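As structure tokens, here come the structures.
In the two complexes that follow, chain A is the common piece, with chain B as its partner first and chain C second.
Up next, the complex of A and B:
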């Protein structure tokens, strides 16, 4: 399949799920989809289009949070980023780890650092933060405040 | 104490510990071992186990998880030992000073003998620091 065929195929197949397709460059496409349909779209891209799951990235944008799932179709050198917007109070999305194991750790990381809950993830333990990190404190959120009383923030000069 | 330190100066074996650095300091330390700089002429050798080491060499900014491990390593190293901090991150955490994961500088957790600044320090700077360390320890043992 060529690049245009892939994009037309996605547009046709997921007419109701896709909100916007942003064609950034010959190598890169951003596809914004509704949060409920992430499992369908991601499994279609992964299984039928034979894409490789690179990684996911979470961003806190004042009024909503955004997760970008990056898929690379190597044959045509096209990077598809699935963009999902989650409205602020209710931060929940279906986990992709039942479909492909590779998303398991990055979902754990997004869960501990941004506090997004992944439904259906089997093992949402902490990945990078220490075990004594307090519950409900998410360091890369915009409203993060220093919680530790023992920190030293000057260089001692 | 003094005879132990004196014996240590002939061939200080080094254990290299990275507490979450960007690996640039680690590369410069490996450069010191190459024939061009040849730090082995001071009897220095990188060892794989902390129990064989006389010098604990620390790079990186020291985050919450790795400092627990660093503390445990410092307890295991045979005393008397020397601690060398290499790079701006190990000295004052550099650009990570406001990071949520780097609460205290390394020298508040482990007593540090020599600070080698730079981002990353040149191999020459590391050798200069090490020579200064040897000189300092030699002088302190001669007095006694």
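Up next, the complex of A and C:
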């Protein structure tokens, strides 16, 4: 499959799920989709297009949170980044870990540093932060106060 | 059968990062593993948001001492992807040379440690002696033995002098013969075969399912290498081969790494001989708003950086994904069902940062028996010794 065929295919198959396709460069495409359809689109890209899941990156953009799921189709050297926007305060999305194991750890990481809940993830324990990190404090959110004395200094971290 | 829990970690001075493994064993068999990381979490992603694009290069160079080129390489490619801009040809070649030098020293470091864990201290000494030569080469080229500080968005910070090139080539050629000897000593050794063949197998399906990367995936028959699939730097301009093996066991991971070292030497030599003349910096002025992604093949697999800019001089978001992040979860597929004396080498086989020190204790509540980290290495070495006697090799 060529690059154009892959993109046409995606557009046709997920007509109602895709909000916007941003064709940035020959090697990079950003596809914004509705959050509800992440499982269908991601499993199609992973299983049928034989892409490798690179990672996911979450970012807090004040009014909404954004997660980018990066998939690299190595045969045609195309990186597809699936963009989902989650409106605050309902920060929930389906987990991809039942489809492939590779997404399990990165979802744990996003869960603890941005506070996004992944539905259907079997093991959402803390990954990077210490076990006694307070509940409801998310270090990569915009409203997180750096060096909040009550949160970090008192604990001797 | 009664289950015993073996905590390994989190402190160890041998490798570069503290990790904590919880092995559940029944007798000698490992039945479950749980990995805890985060002991080295320094908040670099958050810190990077407070630095300018140029300062971040130095910050992320310090993520890892062994991969001190991979991270800046991926990061500068991500920043260049935002603009987008092509770096000058000469800079591409220099970047490739530095990245391959790092691959050689990283693979040799791992090979030495693997030999050490198996009770092959000769391999350990030879590999690290060779690594020293490579570090000397890097010092000639960059001025530093590690943390080379060569990268900047748009190019490299330091040129390679033409009078250094013959010196470096001579030094590299002198390494090859010793490396050949080491390769024979490692790959043809019957005891090493007995210790590593058929152990800790990662099947191709599992490698794809866990999204394993680098030599870990290539040893399982996944013929993927970003240097071939998504060429960057000068990798598409020089001749080299991708090393792929198909068994997925510890031995194949050794083979992939040893043979890749030879390919890296080939790439460095080719690049030095064909180094084009010209600029080494594209002189980036402003970074426009937008997003950029950069990924490169680090010694352990793909290193992935995502940078989001809002038009100021600092990144809004900088996501770093190191290859070990994807390779560590494969323990669930490789360690379970294996002997406890093999666990040390299987855990080391993906070239992670793993713990093996005094803090490693085996607790058996019934018999009150406690092993220290030394004892576990001793167990591993004793197995090699038994095999050695069985095969009849001295």
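Note that in this section the second predicted complex is superposed on the first by the 145 of 157 C-alpha atoms of A that agree within 3 Å, B and C clash if a C-alpha of one lies under 4 Å from a C-alpha of the other, contacts with A are read in each partner's own complex, and residues count from 1 in each chain.
Everything that follows uses one rule, which is that a residue touches a chain if its C-beta (ideal position, glycine included) is under 8 Å from a C-beta of that chain, and two chains touch if they have at least 3 such contacts.
Here the structure is a predicted model, which means the values were calculated and not measured.
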What is the contact status of A:23 with respect to chain B (first) and chain C (second): first, second, both, or neither? neither
Have a look at where A:139 lands relative to chain B and chain C in the superposition and call it first, second, both or neither. both
Applying the touch criterion given at the start, work out whether A:130 contacts chain B, chain C, both or neither, answering first, second, both or neither. both
So which one touches more of the residues on chain A, chain B or chain C? C
Could you look at A:36 and tell me whether it touches chain B, chain C, both or neither (first, second, both, neither)? neither
Looking at the overlay, what does A:48 touch: chain B (first), chain C (second), both, or neither? neither
Just chain B (first), just chain C (second), both, or neither: which does A:102 touch? second
Footprint overlap on chain A, comparing chain B with chain C: 128-130, 139, 146
Given the complex, residues on chain A that touch chain B span 128-130, 133, 139, 144, 146, 148, 150-153, 155-156
List the residues on chain A that touch chain C in their complex, please. 25, 27-28, 30, 52-55, 57, 59, 68, 70, 72, 74-75, 77, 79, 81, 100-106, 126-130, 139-140, 146
Across the complex, what residues on chain C touch chain A? 37-38, 41, 43, 45-46, 81, 84, 208-211, 224, 229-230, 291, 293, 295, 302, 304, 306, 308, 316-317, 319, 321, 325-326, 328-329, 332
Touching residues of chain B toward chain A in the complex: what are they? 64-65, 68, 92, 97-98, 100-101, 103-105, 108
